[in-house]
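Since the structure comes first, as C-alpha cells, the remarks are kept for the end.
Labels run A, B and C following the written order; every chain starts at residue 1.
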Amino acid sequence: MLFFSGADFAQQVVSGLSSGGVYASLALAIVIIYRSTGVVNFAQGEMATFATFIAWSLMNHMSYWPAFALTCLIAFAGGVVVERVVIRPVEGTSVLTIVIVTLGLALVFNGASSWIWGAQVKSFDSPFSTRPIHVAGVAFSIQDIGIIVVSLLLVFALWLFFQFTKVGLALRAAAVNPAESRFVGIRVGWMLALGWGIAAMLGAVAGMMAAPVVFLDPNMMLPILLYAFAAAVLGGLDSPLGAVVGGLLFGVVLNLVSAYSDFVGGTLKLPVGLVVILLVLLFRPQGLLGHTSVRKV
Amino acid sequence: MRRLGGLWELIVAAALVPVAFLVPHLVGDFRLFQLATVAVYFVAILGLAILTGWSGQISLGHGAFMAIGAYTSAILVFHHQWTDWLTIPVAGVVAGVAGLLMGIPALRLSGLYLALVTFALAVSVPSLIKKWESQTGGSSGLFLNLHSNAWLYRTTWIVAAILYVAAWLMLRGKFGRALRAVRDSEIAAASSGINLALVKTVAFGISAFYAGVAGSLLAITAAYVNPNSFPVTLSIYLLVGLVVGSLGGLLPLLLGAAFIEYVQVYASKLAPEKPGLPTLVFGAALILAVFAVSAIRPLVDRWHTVREQRGPAAVEET
Amino acid sequence: MPLLELDHVYASYGGVRALHDVSLAVDDGQVVGVLGPNGAGKTTTLRAISGVVHTTGAVVYRGKRIGKSPVQAARAGIAHVPEGRGTFAELTVDENLRLGAYTIRGRADERRVLTYFPWLGERRRQQAGTLSGGEQQMLALARALMARPRLLLLDEPSLGLAPRVVRSIFELVSKLNAEEGLTVLVVEQNANVALDHSHKAYVLEAGRVALRGVSAELRDDESVRRSYLGY
C-alpha cells in the first residue's frame, strides 16, 4: 500500500464514478434485455462499438452533440431491427440458443467494424474539456464529471420514461408478465424490440463516453462489456436500479483496487471482473438488489 | 449432435487414414501447415463437443484451456529444454486439472451463468498471461522449436487421430451414456443412480484436457506463443466450429475445424486489406447455423414422433 | 345478429382435443354463463375467443372473424379477465388500471371505473400482489372496464374466494350489465351463483355443449341440476 492522500483518494473515487457511469449505462442495457427475455446479450459491447464508429464518421460532418443525438437514434433503430430480424426467429427456443445467436451477432458487429473502419486505433472527441476543475482544493477532471452527469441524466430520463409514459409502462408489463400483457392489448413482440432499441441506445452512449478515454478501435468495448457484466451481476441481473448501483460501485472499487494495489495494478483489472462475477454468481446469484427466483419468459 | 455416428463413422474415419498418408505427396508444403492447424482446431472442438454437446454445459472459455496447454508446452520447451512433442500430454494434463477445478464451481452455475463466467475467463486470459511475465515472457511471448511442415502435419494428425478414437470409445461406453443422460435430464439421470457432480466435473476435465492438447499443438505448430494468440474470439470461433460441424457424431466436427481454418485463409487472400472479414463470416455462419438447426429440430422431432406412433417394430428397425 | 358467435369450433392443445364442435351465441346486453365441471373446456372457450389457443371453426364478433390473437381481441373491444385474475402482481394498483386503458387513446380515465370500486382509489400505490384474492378479482374487473369494452370475458371469478365475496362480484357484474349495457360471457364452476346472475347458460361436458337454456329454467329444473350441475 502507498501513502494514502485524501485528495488522491477523492480523485480516484470521482474517476471511478466516471468509469462506473459507463459501466452502469452498458449494464442497464444488459439488464433491460435480460428482464424481458432471460437472455444476456453478449453482443451489447460490439453493438456499442459499431455505434461509436458511426458517431465518429458523423463527427467528420457535424458538430458533437448533433452527431451524438443522431447516433442515439440510429442505434435505437438498429437495436429494434436486430431484434425483429435476428432474434425473433429464435424467440421460442432455449435461452442458450439465443445466447449463441448473440455471440454470432457480436462477431458480426466486430467484423463489420473492422471491415468498414479498419483496425487502426482512432481518437474520439470529447464534448468536455480536459482541463481540471478545483473543488475544495482538489483537482477533478471535467471530463470525469461530465461523464457522471451524462450517465445520471440518461438514467433519470429512462426512469421518467418507464414510470410515467404509457409505452414505458407497457414495456415493464411485457417484461414481467407477457401473457397477461397480451390480454390488455400489448404487442409483446414489439415491446421486446423496443427494449432492444433502448438497450442499443444505452450502449451507444456508453461507447461515446468511453471512446475519448480508451480510444476507438474495434475491440474497444470488450473490457467494458466484462465490467458491465460484473456490474449487472453485482447489482442483480433483473434489477435496473441494481445495474446503476452496481456500475457505480464496481467502477469505484475497481479504480481504487487498481490504484492502491501493486498486485492488481493496471494489468489484472479484467480478472477482477472475473472474480466478482464468479463470487457473486456462486454465493449470491441475485446480486445486491435482484430477486432470487428470476422469472423466465 | 444428438446421435453418435456409430460404427459408420469409424469406418469412414478408417477410410480417411490412407488418404491422410497420401496428402503430403499431393499438396504443397504450405497446405500441410494449414492442415496441421485444422488438426489443432479439430482436437479443441472435440473437447468442446464432449462438454457442450454431450454433457450440456456451455463453455465460452475454451481458449483459456488452450492457453494453459500452450503455455505449459512453451514454458517446458523454452525454460526447461524439453522435447516439444513430449510436452503434449503434460500440457493436456495441466489443462485437464484446471478443467476439473473449473468444473467444481461450474456445478453450481447453470447454463447462462456458466456462459458468463467462462466468457469472463476467456477475456481475462491475456491479462493473466502478461502478469506472470517471468514465466510466460509477457507480451514478448515465448519461442518453441521450428519443425518442417511435414513433421507438423504428421504430429498433429497422429495426436488428433488418437484423441478422436479415444473420444469415440469413451462416448460409446458407459461414460458417454451417463453424459447423454445428464444432458437430457439431470433429474432423471440422478434418480437412476448417476453421480451428477462426478460426471459433469469429469466431463469438464476431459474437455479441458483436449483443449490443452490442442493448445500445445498450436504452440508447437506456430513455434511461438504470446498473449494475443488467445483472444476471446478464439473461444467463440471454437463454438462456431462446433455448431457448424454438429451434424451428428464426432467426425463431422472435422468440417467445423476445416471451416474455421479455411475461412480465415481465404478471407486473407480475397480481402487482405479488409480485416474483420473472417470474423464477420463466422458470425453470420453461427447465426445461420442456429436458424437452420431450430428450423430443422421441430421437423426431426415430428419425424421421431411419427416413427414411434407406427409401433415398436418400426422403431426397432433403426 | 348476436354480438358474439362461436360456430362449430374445435380447439386443441398440442395433439389433445379440448373443444368438439362447440357452438354458442351471446346477444348484446346479455350475461351468458358457461358451466360445467373441471376440464370440460370452459376456459378453452374463452381462450378460443381471445385467440390464445389454436382453433378451427368460426369465432365471429360483431360480424367479423376474430380469434387470431389476444391483442386483436383487446383492440376490438373485448376485455378478457383470465383465470387467476391476470393482475400484474409486481405493479401497483394504479399501474394495473392504466394498463387496462392501453388500447384507449389519450389519458386513462380512472374516475369512471372507480365509481364502482371506490375503495381502490385509496389503494392506488399499493402493489397489486399484496391485495387479497377478492380484491385482486375486483382489480382485474376494474382493469377490464378501463378499456370501455363491449364484451367482458370472465374466467372463473369465484376461484379461491369466499361465498360472500363471490356474491358481491356477481352482483357487481349484474350491475354493470344493467347500468352500462356490458355484455358478459362468464365461465364458472359454481353453477349456482352463475345461474342466479345470467340470462342464459351453456353447460359443457368433455369439450362439447351438453345442454343450453334460459338460466332461470335450468336453475329450477331439479333433474338438470342434479345430472349436470352437481347440486
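Quick notes on this one:
Assume a residue touches a chain if its C-beta (ideal position, glycine included) is under 8 Å from a C-beta of that chain, and two chains touch if they have at least 3 such contacts.
Source: prediction; values computed, not measured.
When every pair of chains is scored by its C-beta contact pairs, the maximum goes to A-B.
Legend note: the chain whose CA centroid lies nearest the centroid of all displayed protein CA atoms is A.
Comparing the centres of all chains, each the average of its CA atoms, the largest separation from chain B belongs to C.
In whole angstrom, the spacing between the mean C-alpha positions of chain A and chain C is 44. Chain centres here are Cα averages; for chain B and chain C they lie 56 Å apart. A separation of 31 Å divides the Cα centre of chain A from that of chain B.
The multi-chain contact residues of chain B, meaning those touching 2 or more other chains, do not exist; every residue touches at most one other chain. By the touch rule above, chain B contacts chain A in their complex via residues 58, 60, 105, 108-109, 111-113, 115-117, 119-121, 123-124, 126-128, 130-131, 231-233, 236, 239-240, 243, 274-287, 290-291, 294. Those residues of chain C whose C-beta lies close enough to touch chain A in the complex are 50, 52, 69-71, 74-75, 80-82, 86-91, 95, 98-100, 102-103, 143, 147. Every residue of chain A that touches chain C in the complex is listed here, in rising order: 166, 169-170, 172-173, 176-177, 180-187.
The touching residues of chain A, counted against chain B in their complex, run 38-40, 42, 86, 89-90, 93, 95-97, 99-101, 103-115, 118-119, 218-219, 222-223, 225-226, 229-230, 233, 267-271, 273-274, 277-278, 281-282, 285.
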